[in-house]
Structure formats: C-alpha cells, structure tokens
Amino acid sequence: MKKIVEAALVEDGGVHDPISFSLGKQEARGEFIGKEEFVFCGRDIMEMVFKTLDSSLSIDFYFDDGDTIEFESRLGIVSGSAGAILKGERVALNFAQRLSGIATLTRKFVDRIGDTGVKICDTRKTTPLFRCLEKYAVRCGGGANHRFSLSDGVLVKDNAIKIFGSLKDAVSRVREVAHHLLKVEVEVENLAEFAEALALDVDAILLDNMSCEDVRRAVSLGKGKVVLEVSGNITLDNVREYAETGIDIISIGMLTHSAPAVDISFECLR
Amino acid sequence: MKKIVEAALVEDGGVHDPISFSLGKQEARGEFIGKEEFVFCGRDIMEMVFKTLDSSLSIDFYFDDGDTIEFESRLGIVSGSAGAILKGERVALNFAQRLSGIATLTRKFVDRIGDTGVKICDTRKTTPLFRCLEKYAVRCGGGANHRFSLSDGVLVKDNAIKIFGSLKDAVSRVREVAHHLLKVEVEVENLAEFAEALALDVDAILLDNMSCEDVRRAVSLGKGKVVLEVSGNITLDNVREYAETGIDIISIGMLTHSAPAVDISFECLR
Amino acid sequence: MKKIVEAALVEDGGVHDPISFSLGKQEARGEFIGKEEFVFCGRDIMEMVFKTLDSSLSIDFYFDDGDTIEFESRLGIVSGSAGAILKGERVALNFAQRLSGIATLTRKFVDRIGDTGVKICDTRKTTPLFRCLEKYAVRCGGGANHRFSLSDGVLVKDNAIKIFGSLKDAVSRVREVAHHLLKVEVEVENLAEFAEALALDVDAILLDNMSCEDVRRAVSLGKGKVVLEVSGNITLDNVREYAETGIDIISIGMLTHSAPAVDISFECLR
Amino acid sequence: MKKIVEAALVEDGGVHDPISFSLGKQEARGEFIGKEEFVFCGRDIMEMVFKTLDSSLSIDFYFDDGDTIEFESRLGIVSGSAGAILKGERVALNFAQRLSGIATLTRKFVDRIGDTGVKICDTRKTTPLFRCLEKYAVRCGGGANHRFSLSDGVLVKDNAIKIFGSLKDAVSRVREVAHHLLKVEVEVENLAEFAEALALDVDAILLDNMSCEDVRRAVSLGKGKVVLEVSGNITLDNVREYAETGIDIISIGMLTHSAPAVDISFECLR
Amino acid sequence: MKKIVEAALVEDGGVHDPISFSLGKQEARGEFIGKEEFVFCGRDIMEMVFKTLDSSLSIDFYFDDGDTIEFESRLGIVSGSAGAILKGERVALNFAQRLSGIATLTRKFVDRIGDTGVKICDTRKTTPLFRCLEKYAVRCGGGANHRFSLSDGVLVKDNAIKIFGSLKDAVSRVREVAHHLLKVEVEVENLAEFAEALALDVDAILLDNMSCEDVRRAVSLGKGKVVLEVSGNITLDNVREYAETGIDIISIGMLTHSAPAVDISFECLR
Amino acid sequence: MKKIVEAALVEDGGVHDPISFSLGKQEARGEFIGKEEFVFCGRDIMEMVFKTLDSSLSIDFYFDDGDTIEFESRLGIVSGSAGAILKGERVALNFAQRLSGIATLTRKFVDRIGDTGVKICDTRKTTPLFRCLEKYAVRCGGGANHRFSLSDGVLVKDNAIKIFGSLKDAVSRVREVAHHLLKVEVEVENLAEFAEALALDVDAILLDNMSCEDVRRAVSLGKGKVVLEVSGNITLDNVREYAETGIDIISIGMLTHSAPAVDISFECLR
C-alpha cells in the first residue's frame, strides 16, 4: 500500500503546489466530519497518507474501522504543518469515502439477512490495485471474503466449461493441475447443470442468476454435500428471500463495483 | 498505465492459476456484450490488458470510446490463447465497467443541460491512481476537465483561507508564489464572500453549495469579469436549473466518486 | 521474471565490461554442452536472458524442458553479437544449471518410487524470489507442486498450534477466517496427534518426521478420509519404503534447497 | 537487499495468510536451533526479514556471522507479534540455510589447505541477484572474493580468445579499452598456452582444468611475475594437493552453485 | 528525490568499495570548504545523501541555502562512520556543486538588474530528472520559476504555430482543450507577430530573440494588457538593458544548462 | 537508460499537455540544426526519447556521435505524430546539448595536447545518474575514461590516508581487501609524498595540484614503474605544458561538471 499511497500523493499534488508552498512552516489543524450516517473504513490508510507527506503530523481518530458514524459526527483530527495537511486531505478522503461506501453497502446487506447465518461475500469485481483494501472494507461491513485471485481457489465458470468442452472434462483436468490444498467450485445456471455438477468431484457449486425457487430446490439436493453459493442480480430487496433458501453464501459484485462514496468533509479549525 | 495494468493482472491472477495452466495451448474466442444501454469507455485499456498477457491475442472492437452502446450489443471480440483470454477477461471488465459508468453518468448530466453552453466538469474526487483515466472517461461522456492536480491551477478553498487568515492575504500570497501561467480561483460560500472575491485579483470564482437564486445574483455581478463555477449538491434533477443561471462551469464530484459500474459480460463462443 | 533477468544481467555485467565493449559489432556463435547426464530445465529463461541483452540474437534449442540430456550432448546454439553472447552466457547458465539440478534430483526421486502412484512434492524451502521457477523445475522433473504461498492453502504447523494453544482451537479459528475455497491441512508428529487431527474438520494431514511403521498405521486409519502427506528426512534411499506405505504425497525440501547444480558449458565455435 | 527481502516476503506470504490473520494481536516467541554443525551466515538478513514485517519485533542472536554452530545450539530468539513471526520464519530460514551452507562448505575447503597461504576464492557461478550476499558468505567461511562482475576486473577466457582470433589480439584490444585501474587476467588450458600468456602484458593467469603436475610446472615458470590462479574440478579431496603447488589462488564454483543448505529449525516456545 | 539519491549512490559506489570496506567501524569527521565565493544550494540533498548511506551520521551546516559563501569558508561538518563519509562525499558534492553553480549564476543576473522589478526566470532547458531541484536552485539565487512542465501552463511556440497553420488557429484550438485555470502564452519573433498576438485572447507574450529597441516598442503597446516575457541571447552584459525596457519577465536558459559548477572541497580532520 | 528517458519525459510532459492533445493525429516533421560548431553526442538517446513517446516516429541522423558539426548544419530529421514530436523535442535537446557540450570540451583538450600520447581522462565529478552517458561523451570527444565507481579501481586519496593514519597503512589494508584484479592508485600532493608512494606496492600515482616542474621531477623518478596521472587546475591554457612533462594521464573534472551546453535548435518544416 505504501507505494500506492505515494503514487496517489504525486498524482494529486503534482510537482509544485503553490498553496502548500506559500504556507511555509505555518501550523494548522482540522477535523474530518461525517456528512451522512455510514460505516467507517479507511483509518490506517488515511493515517498513512498524512504520515507519508510528513511523519511529524499528529492524527487522532475517535472511531475504529467498522464503527457506525452518525451524521455530523467528528471522525478524527489532524494537526501539524498546514501545507502537508492541505496536500493530504483530498487523497485521504478519496480513499476513505470509497472504502466507507463499500463497508456501508455491505452492512446494509448483512443487516437485511439478519440471523439466517448466510455469509455475504464479495467478488473479483473490484477496482484494479485495490482488491485487498476493498475486501477489507467488505469485512468491516460484516461481510466475508471470496477468493483473492485466480490462484487461491478454483472457480470453473461457464466460459471455461465451454472451452474445456464439458463440465466433467473441466473438473477433471483442473483437479489434476491444482495442488492438494485448493478446493474446486463450479458455476451452474440451472437445475440440470446443478445435478450434473453435484455428481462430480467438486467442493462447492455457484448458482448463477437462478430464481429463489430453483435455489431452494438445489439446496434440498446439495445441502451438506457441497458448499452452496448464489450470485447474480441480488439486491437489497431480494437478498432476504435468497438468504432464506438455506444457501451458504451470497456473493454480490455491487458491493465493490457500485457502492456510492459516502460524504465526509475536512474542516480546518481557526 | 502499463505498470498499473501489469499490477492489476498480478493482483487478479496470482502466481499460478490452475484453470489457465490446464488449458495449455488451447485457443478460444469470446465477445464482450453490453447488458444495458451505456456510453462506452475503456477500449485502449482493455486492449492493453490482453496484449500485456499475450501480445499475440487479437482484439477487435466494433465501437469507439464515447459511442452509445445498446442493450445486448456486441462490443468487441477477442481471440487467441484460451488461458490468456480467461486471465484477462475480469481485469479488462473491471476497468471498462467503471470507466463506462463514469462516461455514462457524465453523458446524462450533459444531455440534461442541453444547449446552455455550460461545461460539465469533474473534480479531484477521483479513485487514487486513476485520475487521468477517469478524467478521460468524463471527456468521453461529453464533459470537460478541471485541473489535474494541485500544481496546474490554483483553487483557494475555505480551509486555505482560514489558515492564511483572510481571502485577501490568501490570494496575494499565492499569487506571489505561483508562476505567471497559472490562474487563481477562489471558493466562496455566499454572496458576501463573492463580493469580496470579485474585488481581488482573481481569475475565477467557485460558488460552493449556493442556491440557484444566489448563483443568479452572482452571475449578474461577475459574468465576463471572471470565470464562474458552481459546485456542491448538483444532481440530475437540479443541474438544468443551475445551468440556466448563466454560470460558466458546473463541477460534479459524483461523476467520478459514485458512478455505478455498467453491466458488460464476456461470453466465449463455442 | 523479466525484471529478475534484467537485474541479474546488471549484477553480472556491471556498468562497463571491457571485453564486450572491445568486441564492437563482431559476430559469434556458440553451443551449450551438457557435461553430465541430467534433466533439462531453463529453456525459456535462457532465451529471455539473451533476448533481453539483444533482441536480434538467434537462439535454438535442440531439447525441451523435461528432456533427459546425455553427457556431451549439444543442448542449443546462440548466434549474433559477440559482445551480447559473452555477457549473457554466464547468467543464462547460472539459471539453467540450478533449475536443471532441481529437475534432475526430482526425477531421481520420481524414478525411485516407480508406479506407486504417490506424488513427489516440493515445499516452501525455495530460493527467495525464485519459487515459481523452482516449482516449475520440480514439475519438469516429474514432481507435483505443494501450495505456492501462505495464502493459497492452509497448513497448520507445530509452531502455530503452540501459539493457538491446541490443535482444535487452531483449526477452528483458521477455518473461520479462511475463505471457502481453501483447504486446511495440519501437521502432526506422532500417532496420538494424528488421531486428534483425524477427529477434526481437516482436509489433509502432514505426517512430519514419522517412521514408516507409524506412517503405515496412520494410512490404515485415515486413507480416503483426508489427504495424507509425509515429510522430513526423506532420502533417495528411503523414499520407496515411504511410498509403499500407501501415503498420497511425499514432500521433500531438498529438491529445491540442496539440489547440486548440473554441469553445462558454453563453447564458442570458431 | 531491502527490495529483495520485501519481494521474498510477498512471494512467501501471498495476499492474505489465514493463519497470521487469525492470530490477531497475539504475541509469541521462538528460537532458531542448529540441527547440525555449521558455519553461521545470515544474521543481518534474518533481522531485516523480521523487521520488514514488523519493526517492533525483537530479535537477538547469540552468534555472529562466521561463528561455528554446534548441533542443537540455540542460534537466536525472536519475540513479538505471533503473526509476523510465523510469516517471517520460513523466509528468514530460506536465506540463512543457503548462506550458511556456502559459509560451511567454504570453511571446509579453507581448513583443508591449512597454512599454505593460498586463497580460496568464489566465482561468478552464483544465484542470480544474490551474488553480493553469497560472496559475503564465502568471506564468512574464510574465503576471499574474485571480481564482482565483468566490469571490475578483466578475465579473458577461451570463448573470448576464439572470437578475438588469438590470445595476443585479445589482450591488446582489451588493454586498450580497459581503464588504467583494471588488471587483465587470461585463462589457459595447458602449458603451451601458459607460456604464450606469460610472454604478454597480463597481470594474472588462470590455469583451467590442469593437472597438479602441470600447475607445478607453471608455478615454477610464473611465480612472482603474475598472479597465478587455478580452477576446475577442485574438490575437498584434491584441494590440498593443488594448494601445495605454490599457486596463489584456488577458485571454486561449487562454493556458491552447489553448497547444500544447512539444517536450521525454528521452534516457538510455549 | 530519495530514489534519485539512492541510484546516485549505487552509481558512484558500485557493489563493493574496498576502501570503505577496509575502514570497518572506524569513525571520522570532515568539513566542506568553499574554494571560491558562491551562493550555496544543496543543503537538504547533501544531508539526504549521507543519511541514506547511514542514518546515524551527524551533519551540521553553518549556512542555509541562498546564503553567500566566502572563499575558504567552512560550510558544514559531517561525522560518524568513516566508510559512509567517504562513500557519500563525492555524490554530495556532485549535487551541491551543480546546484550552487546555478544559484550563483542566477544571483549574478538578479544583482545586475537591480531594482527594476523584473523577474529573472528559468526555462525548460534543465538536466533531465533534476528540473525541480534546479528550479529550486534558481529560487535560491533570487530568481523566479517559469512553468514546471508542458501541463501546468501553455506556451505556444513557433513550431506549434507552424503545425497548427496560424497563430490564431493555434490559440483557439489550445484554449478549447486547456482547462480553465491554465493561462496561454504565445511566442513571437518580431513586432508584426507581436501585434497579431496582442489582438488574440492570450494571457502572455514571449518576445524571442528580439532587439532591445523592438522590445521597448512591444512594451509600449502591450504593457498591462498581457504579461510580457523576453528570452534569447540574454547575457550578463545586456540583461540590464533588457530589464530597463519595462518587460515583466526575462527567462534565461543558461541559468540551468550552462552554469559552471562551483568549487567545494571536503577535508577530513585528523 | 530506458527508465531515465521515461522519467524525463514524464517530468517534462506532465499529465496532460494541451498542445499535444489538441494536435490529435496531425503529422509533422522537423530538423535539428546546429547553432554553433561542436562535437555531436547523443544520437541514440535522442532516438530513444522519440521512440519512447511513439515507436512509429521516424528519426534520421546525418551525423554520428563524435562527428564535428558546422554552424547551421542540419543534424537530423524527425517525422510522424506532431504531438509526440513536440513532446520529445525539448527532452531530446536537453540530453544532446549537454552531452555534446562535454564531447566538445573534451575535443578541445585533446586537440590542445596533440601527439604527446597522453590520455585526457574524466573523473567521478559527473551529474548524478548520468555518469555512463557522460563518460561516453568524453570518449566521443577523444578522451579516455577513468574508473566508473569506487568498486572498479582503488584510488587512495588524502582523506582516506588521514583516516588510515598513514599512506603505508592505507595501501596495505586496502590491498588486503581488494580482489586480485583491482589496481591500487594513490594520490599525492608533493614530491615527498610521491617518493613515499613510489616505495610502496602501488600500481599508479595521482599527482594532485602539483606544478609542472614538480610533475617533471616525479616523471623522471617514476616513469615506467607506475602509471602516472596528474589532476587539479588543468585548463586549456596549461594542459599542453602538463602533457609535455611525460605524464601518462591527465584527468579533468571540468569536462563533465562545467562544460557549457552547445546550442542546437529544432525547427519544424511547414
């Protein structure tokens, strides 16, 4: 992350910022204020932004990642060199507003399914270079993580099956190559494919874009034999219904690809 | 961008992807399909993703950046090594879905203000490391760019004014330091501050979070003397009303920080 | 690998090599000769070494990775700029002699266990930065790979168990955190620990430093329930006996940490 | 080295290690134990591995590089964050086991030649990227270093001579180009070539793969006129005999390319 | 700068400096002495050079950047590890001698024009990678900075005008693309072009290689309407005459491309 | 060099150059013109600058590095994308004007000493990061190179002698550490020190800041025994006199630290 923070500061600061430059050695302090209710995420990276600019800045947060922030709450305070504070403010917020947006949306899904015991998971639909950070935000919102890359878990999707020729061939060839600590999951789009998958040596099955009714049917067949995951067109409106099918995992791309940024402002104190 | 694409591929691919590995030298081809109507953006970077994985892949797009894509349209086709295609697909989409989301939202704002001649602009509220790309997406949607960093334009905002002590001091000290090819803009929050700013040696004034009525009043005083920009709480619903005040520029953070990703899928052909 | 090859060439070449420099535009060609019998590994990286120095060099290999090379066999030929050839020769050999050493030692183990169906696996005891390359060499020698890092498979070893307090606690806490596509393996050092492990929700058990007799006993209890791996003090002398216990996997650190380099020379042709 | 250590930790740790992650803020401590007698090398880099992971870890070694470690000796202790310790352990050992292997093998050669005053030297046959570290290990074992790259010393070998056309031409053309602080050494394979080299303006001669008898003859002709180095098929068995010929330097590729790793374990304390 | 300093130290130090190495843990101290009168620049980067080598070195300067140093003055003192001091000395001086050379030459120009109120500016004719540092040296000498890159100010020069077809087309097309905080300056070579430029929507005009007489005429026409800059063949002999024309800015390439290094030595104290 | 060229282009271009951007796909061509007589150096790096921006640009030079260019000569021509040409022009010239300045000054010194057979050498007083390039420029001007770093040649200077305590101790301790292919040179400041050095086991002696008379005396004592180098206050006026003393090498810091840039312009063709 250190390198990403440094690059982000160069991107935003450019080579010679006249305002910071003209502030010289002046001191300042300012507070981050929540402008809506949200789940906070980004404390460490905000701190890293400011410390990277000037390690003598002092940063104090009144909340931890995962905490719910009320409208108009004071989140934390930064004090030290005025030039460094003004240079870091926007970059720190650009990180925190997005990560908190992800945590907040995740929390909404998690709250919606209540005590069903189902896991709300992320996907690989993350911002390039920020996957670990965004998956951390999902955890802060109460969600769980799916695999981190193509290499730490095998998910055989429709495109791969088409290329291998059949689900059976796909599974057997991938098994041969995958080391013995990787599980193999396959994606199916209807109950016929589900039945085919269930008959093979797989550890998990992803039900993609299937109706609640079909999911319930699949659960009745596969529960306990393999891990059952559902994905595709899950919204805050229908997530509860899917959760109640008895599925194990609901994975939601929107958590990371379309969560709106939350509104946080930074206000210097006179 | 080359380095970012390489890092994104490592992030998504990990060190040893069993599926790509087991595909060996098999060939495949697949198409990108628009799953909703949107403004396309990301052609070059999608191409770079695939070419970085395997320079012998062939990629053809049927549309250019900025084109409107209809639901179920075929966007482009990729063919070559099956392993490389499956490794690149998700990363290419992660870029294109976000950039197209920004272009699409920008287009909506631009369409809404019609022939008022006002410029819809982005802000510095961009994803860290992707500012240039996101600003390009804004242009693809018909918008214009604001400054790229703190160094290629001076915008004296409320926090800086507080630290300098007064608007007047802020402007005079920054002018002294800024080289002769940089313009100076100041942010004001009400008509009193606007009047104070107009009396100083400034090139542009940003009216932040002001009502349409106050903006109209400011325009009647400052139009033609300085560039007039408005920002803060601009939505698709009120943007037309602001545009009709006679303002020069409307800048909108949401274009880059909260545009939802558009839905594009990749489907291999048997 | 590109960056590692570039750094290796700088390391070996320094800033100004008088011999290459004084050769100017002279042309040369030379052959790689096997000076003992071995399993070849390193073709692509040798090619990358020369191409990185001078993309106009021509390199032809008469053998593929995994092939057995006889004493005094000609492996391949390089021709083009004499300066580039002399600069690349040692670096190319430093890679190939080590990788071929690993492939050769792996092949010896694989040959020794014959048709027992057991997999000979590597470990994490690899040269820093060269893990992927060394694991590739193991595959060239007929071996299989264990996990690539701490993140693509969970192996709960004695030190972790000590810290967690008990095997049971270790397994349950790690399960909770690991995503649903990772398997969990535990390391045991005797039959009592093996029995304890077998009663838990684990996917594989590693028998560390146990006698053939104890391994046989464990196999009789666990075969088919979990994957069974053996490790510790396995040599060419005893590997057959371990393989015949019915174990699934034998992992051997020596394959990568102590394989002697094979002898390959490079001889220019007049 | 900092960058290599960081890359090695990423290679071994991956992006999300469930074990370290589930340990949270737990503390632990553990000791490195020698599992055979060996010459230690790697103290600083082991420390750098742990400090890079977590600068608050405390590391104490009971021995210095170059010290002889007895079987079952405690080498040093690490304490602090359990997650960081378990993440660093294998990487630290991967460095130390190899470097100590090189130091240990070097010491054996040095001990074998006793007080003959001959220098045991390394070669350029080192692991790519680790040359400086491996040459340091040779010094820890009591050996001396040969040149570090093609640029800090000129060694005209058979391949170069073939390309230049003759030894004489090779030497004169290289002399012309090399700056005045570089010495020029030439490689010869028999006494005829040795005589030819001795008649030229060279600073040192390398006798490659020559019998002890021929080396003795060469020494009688060249001792004191040029530095005399011998190389090729030197083993622990014959090194003493070569040392007694009166040669100045014996260089041995095996020191760095085939030294077996020494056995060191890491054991957490309850 | 940190990366440039690290690379510079590797460039100068190589991989194994025998002198520093043989000094072991010996301590030393030494002083920088001005061997001519000059304006000092380079304090921070000299400190960074030494601290990068060994953070325990102590460095004290008796002067600040911008101070005038008399012949034989002691500039500062370094103490600590002898090896680090000898490794850093030359690199520190290579930076400081050049930067002080630029500051010194700038000061001469500034002194020459006295109280005319004209700004002496640098250009883009800087050493690749050192632009920010060299522009800082110009400020230390009392000069002002021109734009830092092609992106933070628009200067339409003769070559661009030729390609666009006319000055008018060039200005209008660039205005359209440049964001609203960038000023546009055009370069003219005679009074006719000056008149043409003055009639367009430009913020500044650069009079290139024009006689003092023509510059005076241009000033009489454009003063107060646009910023007026002069450049080309300005020397210490004629700068005063140009300054007295009433121009706003005089930019001088020689400040950064041809300032001779000042003479500073480093002398260890016994 | 590739990385330095890329960084230099980013430094000069910034993130969004309005002129290049507004040129779109327009084509252009332009010539480099010598604006004074000079020795050319920089052909390859100029080509790399343009090719890095746009590999489809065509660049043709009419002269080679080392050629003498007459006033108003056309050096070479570039054609292709107008935007890339305008972006590359200044960076290419910033490299070539400096390198040609060094080659030109070196040629003046070389011409001055005529057929005395003395070598004109550079020093370590080079621009950080550009040492190899600047030493290449010295060769283009007819000079020879001194060592490239502290590691490829040993020069024991006054500061090191002070720290070691005596010249004798310095030489013996450095000899012990330096590998057998490095020569050892010592710096002396008067005839007494010269005599002391001559009695030791050194390969070369540098006479620093000594009068021609003293140099002649030293030559009469040491010629043929060791390499004799002179340095310090050598100018175009006195270099001939020093050359005629019979010295072997004259090294001159000014060649690289104070050579004025030569004047080259770039002119687009309509």
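Labels for the chains are A, B, C, D, E and F, by order of writing; each one numbers its residues from 1.
Here is the rule we go by: a residue touches a chain if its C-beta (ideal position, glycine included) is under 8 Å from a C-beta of that chain, and two chains touch if they have at least 3 such contacts.
Quantities reported herein were computed from a predicted structural model and do not represent experimental measurements.
Chain centres computed from CA atoms place A at the largest separation from subunit F.
Interface of subunit B with subunit F: the two copies contact each other largely through different residue positions, with under half of all numbers used appearing on both sides.
Per-chain CA centroids place subunit C at a distance of 22 Å from subunit D. As a whole-number value, the distance joining the C-alpha centres of subunit A and subunit E reads 46 Å. Centres computed as Cα averages put subunit B at a distance of 54 Å from subunit D.
Counting partner chains per residue, subunit E shows two or more touched chains at residues 11, 14-16, 131, 145, 148-149, 151-152, 154, 182.
Chain contact summary for the complex, subunit A toward subunit C: residues 119, 144-148, 151-155, 179-185, 203-204, 227, 229, 248-249.
Partner subunit F is touched in their complex by these residues of subunit C: 14-16. Residues 4-5, 7-8, 11-23, 26, 28, 30, 82, 86-87, 89-91, 93-95, 97-98, 101, 124-131, 148-152, 154, 156, 158-160, 162-164, 173-174, 176-178, 182, 254, 257-258, 260-261, 266-270 of subunit F are the ones that touch subunit E when the two sit in their complex. Of all residues in subunit D, only 131-132, 135, 145, 148-149, 152 touch subunit E in the complex they form.
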